[in-house]
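Below are two complexes that have chain A in common, paired first with chain B and then with chain C.
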Partner chain A sequence: MFASIATIMVASMALVGCSSGSTTAEGEPDTSLTVGLLATPGNLDYTTTAGAAIPQALLYNVYEGLVKLDNDGTIIPLLAESWTVSDDGLVYDFLLHDGVTFSDGSPFTAESVKFSLERVKDNWTANGPAYLDPIASIEVVSDTEARIILSKPSNSWLFNMSGPVGTMFTESALADLATAPVGTGPYTVSSFKTGDSLVLAANADYWGEVPYMTDVTLRYFTDATAQTNALLSGDINLISGISQFQLVDQFKSNTDFQVLEGASTGEVTLSMNNASDAFSDVRVRQAVMYAIDRQAVMDTANSGYGLLIGSMVPPTDPWYDESLADLYPYDPDQATELLAEAGVSDLTVAFKIPNLPYAVAGAQVVKDQLAKVGITADVTVLEFPAVWLDDVFSSHDYDMSLIMHSEPRDVNAFAAPTYYAGYDSPAVMAKFAEADAADATTYVELMKEATTTMAEEAAADWLYLQPAISLADADLLGVPKNTPSLALDLSTIAR
Partner chain B sequence: MVLVVLRRMGVFATTVVVASIVTFLMLSILPGNAARIALGVQATEADVAAQATAMGLDRPAVVRYLDWFGRVLIGDFGTSTVSRQAIGPEITDALGITVILVLTSVVLALLFAIPFGILTAVRQRKPDGAILSGISQIGVAVPGFLAGMLLVTVFAVTFRWLPAGGWVDPGENFKEFLEHLILPAIALGSVQGAVLSRYVRSSVLEVMREDFIRTARAKGLGAGRALFRHGLRNAAVPVMTVLGLQIATLLVGAVVIERVFSIPGLGSLLLDKVALRDLPAVQGIVLVLVVFVLALNFLVDLAFTLIDPRLRSAA
Partner chain C sequence: MTAIKSETVTRRPAGHGGGATLWAGLVLIGLVLLAAVVSVFWTPFDPEGVFSDSILLPPGAEHLLGTDSFGRDVFSSILRGAQISLLVGTVAVGIAAVLGVPFGIVAGMNPGRLDQFMMRGNDISLAFPALLLAIIFGAIFGAGTVTAMVALGIGTAPAFALIARSGTMQIMSREYLQAARASGKSGLFIGLRHVLPNISGMLIVQASVSFGIAVLAEAALSYLGLGTPPPTPSWGRMLQDAQGYLFIEPLLIVWPGIAIAVAVLGFNLLGDGLRDRFDPRMQVNR
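Our next item is the complex of A and B:
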C-alpha cells in the first residue's frame, strides 16, 4: 500500500560509534546494533494504527504469529511447530511449540491463539482485519493444539496470517499496546521516543534461538541524506531499504560498507482513474502505456535502480510473469494511433502526485512523455499522506497519480471496484475469488491469468518495482536482503 | 511601573487568546483527515467515519475549541490522537531539548558577536576592520541549514570526530550530550552571531560619537577606557532588543536545524504532528511557542528598564 511510501525504511549499518568492527575494546563480541530508518511509528499499536512503520519494527522481533515469511517470501513455521490441512482445505490443525511464554511471563497456549484471532474482528481497525474473514471458528484441542476451521478454502489466508493480523497477544498485556507491547518474540521494547528512536533488548527467556544482537536501536530520520551521513560517520550500522538511490553509489566504492540489492514488494504505479471521463476507455489507458518510457522514468526517479515489471506482481510471488514487462513497449506512434481510434484529442488530465521525491521526479518525465502524444498533464503536488489520501484515495478526485504500493500481495485489493483506481472487472474479481479457493497449483495459474488480464486492460501503468537496497557496515552478516513482508527481521543479523 | 507591567500582562493574555483562536481556525481548514491517516488505506469509509467520531472530530468547531482551550487553561493539553499519550509531557520534553539548543546557540552567538562587533567598530577605518566586517557579512549570508550540512560533511562524515545527528539527554551521558549538541548549536548560532555582531558594531559606533564619550575623553580617559566605562552599557540597549527578537527567530530556525540533525525537539515534534494531523498536539505546540515568544519580549522589556535608568522614569 502507499502508506508505506512514507515508511520505506532505511536501515543502515555502519560502524557504530567507532571503527572497532567486530569486537569491543575488551575483546567481547560487539552485540549492539543501530539501524537507521525513515518514517517513525506514531505509537506502537498496529491493531489500530496503519502504516508500515510499526510492523517494520515489531513484527517477528517483538511480536510473533503461528507462521512467518522467510526472506524469500516462503511461509515457514514460527509459533506453530507444524500444521496439517484437511483435504477440503477447511480445517487447519496447528501443533504449537511447548513452553513458550510472553515477555510478561504469561504462557502462550492454544487459548492465546483463540483469544488473539477472535479479537481481530471487533478490536482491530487497521492493518486489514478482513484478512481473517475466512475463519469460521477456532477450537482449543489441547494446550499445544489449535484447530482453525475456515468457512471456505482460502489460499491467501495462511499468507496473511504471517502478517500483523496473525500476531499472538496475551490478555494480560492489552492495556497499553500503544507504548508497551508484549509478545513472544526474541526482543522486548526497552524504550520508545516517538520521532527519535525505539530501543529493543534481547528477550533472555526467548523460546527459540536467542539472537546475536542483544541491543538494537532503531533510529528514525526524516531525511535520507541525514541517514546516509549517519552511516558514513559511524552513528548507525545499517540502512535497510534506502529511498533515495542517488545516495547509493558512494557506498559501492567504499570498502567499509556493503551494498545489498534485493527485491521489495513496492510497485511504483502510475495510476489512472478508470472511472474518470479521461480514462474510462481502455484504448486511452493503453495509449498511456505506449507513451511512457518506463526505463526513462526509472532512470530519473530512481537513478536507474529497480526492475521493470509491467504488472502488479513482484518476482517473489509465485505468479510473477517476467514477459509482462514487455507487454507495452515504448511506442509513441502506437499511442497516437490508439488515441485517434478512441476519438480523443487535446486530452488534459489532472495529475495529482504526493510530495515524495520519487513521485515528483518521475511525474516530470511522465508529463513530458505524455505531451509528445498530445496529452496535457496538469501536475498538482499534494502533501503526503494527509492531503493525497483525502483527495486521491478517498474522494477519487483525480485522473492520474504516481505512488508506490508497497504492501505484499496487494493486487486483489487494487482490482476492487471501490478502490481508488476505479478498475471494474467482474471477470477479474471472480477469477481472484476462484483462485483463492482452488488447490495450490490452480491457485498460481488463476492468479497469473487475473493479473495478466489487469495488465492487458491497463488497469494502471506499473512503472517499476522499487529495489530493496540495504547499506551496511562491511562486517555485518545475515542482513535481510529482500523485504517480502512488512517486517524488518533482526534475528538473523550478526557480526 | 506596576501599571505598565499590569498593562503588558493584559496585552499578553489577550494575545494568547487571539493566537489560540487563529491557530485553531487555521488548523481546522487544513485539508486532511486524521482518522484516515490513522487507519490507512485498507480501512473502509465507514471505518474512517467511526474513527472520526471516536476522535471527537465530528463535533462542531466551537465545541471543540472551547473544550480544548478550557482544558489548556487548567494545564491539560489533552491526549494525542496519534501517540495516545498526554500531550503536555510530550511538549515539555521536546521544548527542553529546543531550549537547550537555542540557549547554547545564543551563548555562542554572544561570545562571537560582542568581541567581534566591538573590534570591527574600534578598527572601523583600518584594513583589518574592513576584512573582519566582510567576514561577518559572509556569516549573515550563509543560511543555517547550509552551515549545518557543511559542518556534518566536514566533522562527522569526513573526520568522524562528532556524530552527524541525533540527541542524548545530559542526564544519560554528559559527554555524548555535548558531542551531539556542538554542531547543531554552531549551525544555529553562526548566522545569529554574525547578525548580532553587526548590531554590536553599529551600536558601539553610534555611542562613540555621543557627547558623554567626548566628555569622558576630555576628562583624560583613553578611547578604550571611555568606551568600556561609559559606552558599552549604553550600546547594550539596542543590542538587547535585537537579541530578544533573535531568540524568537532562533526558535523558528531550530525547526530546520532539528531536521538537518535529526534532533527530537519542538520543531521536529511540530512537523511530525502536522504531517499526521494530530491537531490537539499541533495546537498545543503552537500555543506554547506563542507564549514563549511573548514571554521573551516581555522579559526583554523588563530588562531594558534595568539596564537603562532613563527608560524607568519614562515608564
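Our next item is the complex of A and C:
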C-alpha cells in the first residue's frame, strides 16, 4: 500500500515539471492557491506557543532546519547539503548550503546553526525543547560547516531536528516572532489575521527552487461543513486533513475534485488512567481491550475511515507492527472473564472527553460496548483545550478519556510515568533509552519490543489511526498525501 | 418592563382575554409533556444505544423519522429529549423564582437606599446573559445538565426580581397594605400574605416566558457540547450531531429543530395568553 503511495507521489512530482497547468485569462499560469484549514494559530511563534497549527503553516514553508522529513517519513537534507556521523554516533558534521539568506537579507551560516540550537534550551517553552537535550556542544568549523557533538548516541534527535526545534532563526529578527516570522524558507508571511487567514508570498530570493505557487492563502474555518462548501463553491482549492469523514464521499463521485488518502500520525486513543483505582490492574485494562469493537468505533465515529493499529505506532514509523491490530480481538466473553478474574464487578469509571466531534461520537460507542460487559462509563464532556488539558492532562483527574495524539513518534512520551496515562513500566522506559543509543538496526528492534510490551500491557486502547485525507481541485499536482510531520509542505504543489 | 407600557393598552373585560393564544400554547406544551411522559415508559427503540447496522436510514415505516449517524431511531430520541428540556426548564425556572422573587419583594417593600442598592446590583446581573454564565459555569464546574440548570436559573433570576419588585411597589400603595402596616404586621407577614398572592399572576407569566428561554438555552448549550452529556438524548445535541450531515441527511436537522420550536413557541404563547387573562390592562395594542 505504501509503495503505491510513494509511486503516486513520485509520479505526481514528475508531472510538476512538464505540466502546463491551468492558466488565467491572460494565458499566464494561475499560481495562486487557497488552502482551507481548521485549527487556527493564535500567533506565529511556535517557540513559546504549543499546538500543531503554527508549525502546520510555517514549518518548511517559512522556516527551515538542517533536515526535513519527506512525505514518506524519511529524513532528507534541507539547509544541510549533507552530513556525516562518527562511528561512535556522537559527532555529526553538517555541510551547509552556501549563499543562503534569511528573508530579511541576513546570511545563514554555521553561526546561525549554533545560535538557533543553543537558544532552544533556555528560550523555548513549547514544541519539545527537551528533544535537543542530547546535544553537548556545537562548533562552528567554517561558514558552511557545523559540527554537533552529542553527549550520548541518539537515534531520535536527528528526527526531532526535522521538526520545529530544529528551526534556523536569525538573531536580527527575534523581536517579532509572534507576528513577523523571518526564516530561510520558500515563502514569507505577507499578512496574518488571527482566526481568519494567513497569507504567504513566494520568497523571490529563495536559495533553492522557487515554488510554483507564488501566492498562498491559508484560510481558517470553524467547521468542516463550511470548509467543504468553500471547496465546492471554488473559494478554496485544497483542504488538507479533513476532520469529518462523512463529508468525503460527495467528492469521490465528483470529477472536479480529487480525494487523496494517506497516513497521519494521529492515534485516536482511548486512554485509561493506569494509576487510578479503576485501571491499575492490567486485567481490567485488558478486559476493556476485549470489550471494545474498534472496527465498530471507527465505522460509527469516523464513517469507516482510518486504520486499526493496536499500538501507538503509525505505519510511517520503521517499528510499525501490523500484527498488533489483532492482539485483542473483539471478545466480550473474554472481557467478562478477565473482570471476574480481577475480582471486579459493577465497575463505574469517570469517562472525561473533550468536546471534539470524533471524541463525542466515539465515546458513545465505547460507552455502549462497555455497558455490555458490565462497565458503566460516566461520560462528561469537557471544553477543549483549556478544561480538558487542566482536568485530564495536567491533574490526571480521570479514569478514561478519548483523544487523538497527533505528534509524530510520541510513544516514548506516552510511556513516561509522569504522563497523564500514568503507565509506569521501568522496563519499557529502559528499553526506550537503550534503543535511542543503539545502532540503527537494533534501534528499530528495541523500539518494536518496547511498543509491543506497551500494547500487551494495555497501557491504552489505541482505537485507530486517523487517516490524512486531502480534498483538492482536480488540477492540483504534488499535494502532500501523508502527514508524517506537523508541517503542511506547500512547496511541491503545482497546477 | 411591561408595566411601563400601561399607557398604550386597550381594555377588555378581565378574565376572558387571550383565549386562542392560551389554548394554542397549552396544546403545544401538552404535546411536549406527552412526549416526555410517554418516553419514561416507552420509546419505539432504545435512544441511547449504538446500532451500527441501521446507520442513517431515511424515514420509513419502521423508523418514523429515520435514524441518525449512530443508528438511533430519531423519533425515540425526540421523545426522550423532551424529558431533558422539561427538566432543565422546570429546575432553572424554579431556581430563578426562588432567588429572584424574594429579592424583588424585599427591594419593592423597602423603597429608598436599600431598593436602589439591590436593584443596581440586579441591573448588573441582568446585563450578563444567562447563556454566557452557563458557558462559564460549564468551563469551571464541568459541563452537564445540573450545571446548565443552575447557571440558567441564576442567570434568569434578575428578570424575576425586576418583575417582583415592580409588582410589589404597585401593591404597596394600596390602602389595605397601608392598613396592614399601620396595625404593626411584620414585613415577612405582609410579603407572604399580601404581596406574593397579588403578584403571582405576573410571576406565572414570567415563569412561562423564562421556561421557553431555558429550553432554548439548554438546546444551545448542548449544541455547543456543554449541556447534557451524551448519550442522553437532547434536542440541542441532536442538532449538533446532525450538522455534520447537513448536506447528506438534511432531515436530521429538521426534526430536533421542530421540537425546539414547538416547545419554545408553546411556552411563549402560554405566557402571552396568561398575561392577557390575568391582567387585561397589560394587553399591548398590536
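One rule holds in what follows: the second predicted complex is superposed on the first by the 474 of 495 C-alpha atoms of A that agree within 3 Å, B and C clash if a C-alpha of one lies under 4 Å from a C-alpha of the other, contacts with A are read in each partner's own complex, and residues count from 1 in each chain.
Quick note on the criterion: a residue touches a chain if its C-beta (ideal position, glycine included) is under 8 Å from a C-beta of that chain, and two chains touch if they have at least 3 such contacts.
None of these values were measured; they are calculated from a predicted model.
Legend: residue contacts after superposition of the two complexes on their common chain; A:224 is shown touching chain C, with no touch to chain B. More residues of chain A are in touch with B than with the other of chain B and chain C.
Look at A:179: by the touch rule set out above, it reaches chain B but stays clear of chain C. In the superposed model, A:404 makes contact with neither chain B nor chain C. Within the superposed three-chain model, A:386 lies in touch with chain B and with chain C [touch as defined at top]. Looking at the shared chain after the overlay, A:288 reaches neither chain B nor chain C. Of the two partner chains placed by superposition, A:490 touches none, neither chain B nor chain C. Of the two partner chains, neither chain B nor chain C is touched by A:350. When the shared chain is aligned, chain B comes close enough to touch A:394, but chain C does not. In the superposition on chain A, A:368 makes contact with chain C only, while chain B stays out of contact range.
Shared interface residues of chain A (contacting chain B in one complex, chain C in the other): 223, 225, 229, 383, 386-387, 391. Within the complex formed with chain A, the chain C residues making contact are 48-50, 52, 55, 69-71, 138-139, 142-144, 224-226, 229-231, 241, 243-248. Remark: chain A residues 1-3, 19, 40, 42-43, 45, 48-51, 125-128, 130, 178-179, 193-197, 219-223, 225-226, 229-230, 232-235, 383, 385-387, 389-391, 393-394, 413 touch chain B in the complex. Looking at the complex, you find that chain B touches chain A at residues 30-33, 36-43, 45, 47-48, 50-51, 82-85, 90, 149, 152-153, 156-157, 160, 162-167, 259-262, 264, 268-269, 271-272, 275-278.
Those residues of chain A whose C-beta lies close enough to touch chain C in the complex are 223-225, 229, 244, 246-247, 249-250, 296, 299-300, 355, 357, 360-361, 363-365, 367-369, 379-383, 386-387, 391.
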